[in-house]
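Inspection log for the structure reproduced underneath, given as structure tokens.
Chains: A, B, C and D, in written order; residue numbering restarts at 1 for each.
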Amino acid sequence: MEFTPSMQKKLMSTAEAVERFVPDGAMVSLGGFTVNRNPMLITREIIRAGRRDLHLAVHSHGQALDLLIGAGCVSKVELAYGGVARFAPTGIRFRAAASRGDILVEDYSNFHMSLRFLAGSLGLPFIPSRSGLGTDVLEKWGFGPEVRGQGKIPEKKMVVDQNPFAEEEDPVVLLPALEPDVTLLHAQCVGTGGTVRIKGLTFLDVEQARASDAVIVTCEEIVPEDYLRQDPDQNTLPSFLVDAVIPAPVGAHPTACHQYYDYDPTHLKLYRDYASSDDGFQRYLEEWVLPFQTQEEYLAKVGAPDLERIKANRVLGYAPGLDRR
Amino acid sequence: MEFTPSMQKKLMSTAEAVERFVPDGAMVSLGGFTVNRNPMLITREIIRAGRRDLHLAVHSHGQALDLLIGAGCVSKVELAYGGVARFAPTGIRFRAAASRGDILVEDYSNFHMSLRFLAGSLGLPFIPSRSGLGTDVLEKWGFGPEVRGQGKIPEKKMVVDQNPFAEEEDPVVLLPALEPDVTLLHAQCVGTGGTVRIKGLTFLDVEQARASDAVIVTCEEIVPEDYLRQDPDQNTLPSFLVDAVIPAPVGAHPTACHQYYDYDPTHLKLYRDYASSDDGFQRYLEEWVLPFQTQEEYLAKVGAPDLERIKANRVLGYAPGLDRR
Amino acid sequence: MSDYTRKEIMAISAGRLVNDGDILFAGTGLSMLAATVAKHIYAPNSVVFFETGGIDPSLHELPLAVADPRVMSGTCLNTGLIDAFAVLVHRRLRTIAFLGAAQIDPHGNLNSTALGDYHRPSARFPGAGGALDAASLAYGSIIFMAHQKRRFVPQVDYLSSPGWLSGGDSRQKAGFKRGGPMAVVTDLGVMKFDEQTKYMYLEQYYPGVAPEQVRENTGFELDVSQAREAEPPNEKELTTLRRDIDPGRLILG
Amino acid sequence: MSDYTRKEIMAISAGRLVNDGDILFAGTGLSMLAATVAKHIYAPNSVVFFETGGIDPSLHELPLAVADPRVMSGTCLNTGLIDAFAVLVHRRLRTIAFLGAAQIDPHGNLNSTALGDYHRPSARFPGAGGALDAASLAYGSIIFMAHQKRRFVPQVDYLSSPGWLSGGDSRQKAGFKRGGPMAVVTDLGVMKFDEQTKYMYLEQYYPGVAPEQVRENTGFELDVSQAREAEPPNEKELTTLRRDIDPGRLILG
């Protein structure tokens, strides 16, 4: 396959992508959702590179969030939900770090975060909603005065104001836009010209990518650009919004990638067991994160039987009959 | 093909759809864009039914807008652009009616209208933007005090306010949400279960439909629901947001429908010639709008050679080599 | 009469609250079972959708998460969060949300965020997710809870998702245009809210549960005087649930 | 040196203003030719997109409207208006918009709405469309005008699309974070704006046009003292335009 010159420039190693686009202190947004399309390859690279003081901005996030927090890469999180579904209804290292005060946590809802990324993607400075009126999400700010107004953290978490188009009293919540430094996505495929196609639910990936200064995409496969342009209705992002493209087969493991593989219940339970203690989590890092320079090495560790077990049925999109108990 | 019971209820004649969902005085939003996917079959039915006092809310609109205005169905329009591309850079009957004061016209931009429909689709009472600061679009209101605050017309066209998250001066334009009574769409296909698929650009159709109390969809073809559910990433609207479905082959003529047919330059020029005088426009109505009870009768009048000429190449999506001068 | 588990009667009791045509905003676990049992039996024209953007999936297999690839299979539409919330909030739709939480107060306000001090919580939960939005903007909500004194508290430590707020018309005064909790379904019975005061009361206790037992497991005053014994699950409900919906007993256990 | 038409030199003069990598927001007519000629010759890494949502179409045939099915063919992405505006406004992109209008004032403000009284206009135009948004939020804009006194006016009857507003730093003070007209390309030459005052001046006049002629066709004071004669279109530009871009002379006439 022949790459366009601009695509050639985007193809790089995970190490280079992290080096260039994920500095210490960066505001990072993670694509995917709880157990689906987490950008795990890049997440492991960020941990290996020893990044510190990251500020995560996510809606509902699971495995990548928990791993980054556990590894000490994160100082601040704004989120709606931190968990890995029934495997860890509350993210285990997220819960531990929040309870110890190791990280600052600021809470929103999924609609709040969706609207904030949407606003960022459209250049709107803020966006109103009625969601959350009367709740503590308005009242309790996780980021204190010591960080407010610094960098990309607005002075105010949110503001309640009157709808100027209503005659009677009509309070609305105004939410500040999000404009992350970088968004990390895992997609099904990228064309040789850099066009990105995500299959199945896109979650908030498009809005997150558009709201960001930079975008790193890992993908299951690189495919001929012509193929993607035969049905452009199905494509997700244009190449000019993407900075780095990294081929990463099974790059979302142990989370799922629709039409390619299911989430890996065996690994998610293994993670839960390791993560339940500080020592155990450290062992997880040593066994499952730190040793691998390449995705191939990681997949060798996962092993063929496990990969075979989670392989998706091409029509159904998941692994039917997979033991998920 | 077998229809689901809920789809069965949605299938109705154009006359019934107009009778039920487009009363006199309704706020109507038109799908499509200038020369593409205008809901022409429903437009002609609205004229035949003698609807009056309609309030149109559109972004950039062409043929359907011009016809409805010319036929005297419309008393108010809010829009960003009224024209049929090079065939009539300003819609001919729109221009005449605006100059005579036959209709009230309130101007916005395409981004304004996009954001207002988006806000309506998400239940946001208003939405901010920086577009249009310092322009007459802020200052000059087309709807006067005699209609403001009535029905769905807000007291204020727009409001300039300070961004509450900025320290320094940062004015933003606040735009009221749009919540039309009904949106008229023309789609490529609808499934036997009521799922709608639009191919090519969707323009603002999705946001318009979601912002509305009711939605009427005409479509080129009804297809098996199973087919649409084999690749749900490509679908556009769920059946529960659609109230009426009307099979309407070539239902956007003389505007285009991607992958089915191109716009019809011959007819658009014919329309321009007729529409250039009041008498001529009346003749157009008598020859091309009023006589036809069914789409079949209309297509017989258009004639096979014209339909053949504009037929789309299935790969390119338009009619290559069509004489468009 | 067959035997049945508490989880089964919970799913079925919640499912019975659904009207045909309701658009069901489902989470996972019991809420998925309730939504599906409702659609199979009482509400064939209802549609199940997920905040992640999956609308009307086939559910040949039960999803274990709202981002499970099973919510993207056989749907009428695969979209994203923005699109899902557009459905949730739509004024023309009777959207009913199934919610859960760590704590609930007498007016149906929920805590799914933290216990103790927000900044140094004694227990941190996942957060409000989309439940806050559903509780704010859906047509109505049905809440699942484990009926325990420590969960039914006079005041939640953190108000994540709005119920009837301080009761009466306080929800409307806060700016909400619709919505509010319709019922709380627990392992002991079904609670509803007084029409005027919006304070919780016991409406149904399951066969084998005494109203007094419900009061004892509730951390605030609960009126049990209007309660009746719940109709036990019937054969059709149990068969549908066990054979068609969760044959692997993934959620039923 | 070949002969060329005014339309040809206009398209080519505008195309020369594009930098490689610019993301081009094109309308139809001349702006489509300018964007395409730029991409073919000077800016191979640039991408043309349309406010309707078509991004990077193949343009085997020239679209006559931004909603022409030809803007949906061979694209990298077919989306809609919201998505197109997300591209237009993106802070990381150098988005350049090609605009036209019925009237322009010395600071590049445009009228595409109405002449005379707004409520009973002596002439009604189509309206601001997406030009208002591009003029407000793009990185910069290039304006096409027919050079006539009645179009180059001291004050526009209706300010549809913001240029430099009243000049100086008034655009920034109004709240805009970037953007503003970079050049005005007419059938007589190319105008730019003074860096300090943001008042229009003549930068280039086409071969065969006298600077005085440009002044005479401008309805306000125009400084022509800094003007130079424009480089005529070269063979490559003309061949590309005529053979590759508009062989049917749909727009070139």
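Descriptive notes on the structure:
Operating definition for what follows: contacts are C-beta pairs under 8 Å (C-beta built on N, C-alpha and C of every residue); 3 or more make two chains touch, one makes a residue touch a chain.
Predicted, not measured: the structure shown is a model, and the values here were computed from it.
Within the contact network of the assembly, the step distance from chain A to chain C comes to 1. Set side by side, the interfaces B-D and A-D show unequal numbers of C-beta pairs in contact, with more at B-D.
Work out the mean CA point of chain B and of chain D, and you get 28 Å between them. Chain B and chain C have CA centres that are 39 Å apart.
Annotation: 56 Å between the Cα-based centres of chain C and chain D.
Shown for chain B are the residues in touch with two or more other chains, namely 122-123, 130, 170, 172, 200, 206, 233. For chain D, the set of residues touching two or more other chains reads 72, 78, 82, 85, 137.
Interchain contacts give a graph that is no line, ring or star and is not complete, per the touch definition above. Across the assembly, chains come into contact as A-B, A-C, A-D, B-C, B-D. The touching residues of chain A, counted against chain D in their complex, run 5-6, 121-123, 179, 191, 193, 195, 206, 210, 213-214, 225, 228-229, 232-233, 235-241. On the chain D side of its complex with chain A, the touching residues are 23, 45, 47, 55-56, 58, 72, 74-78, 82-83, 85-87, 89-93, 137. Contact residues on chain B toward chain A in their complex (touch as defined above): 115, 122-130, 149, 154-156, 159, 161, 163-167, 170, 172, 174, 176, 199-200, 230, 233-234, 315. The touching residues of chain B, counted against chain D in their complex, run 32-36, 59-60, 79-83, 85-86, 89-91, 94-95, 98-101, 105, 107-112, 114, 118, 130-137, 140, 142, 169-172, 200-207, 256, 258, 262-263, 312, 316-318, 320, 324-325. Residues 28-29, 51-54, 60-61, 64-73, 78-82, 85, 88, 113-114, 118-133, 136-137, 158-162, 165, 170-171, 174-177, 248, 250 of chain D are the ones touching chain B in the complex.
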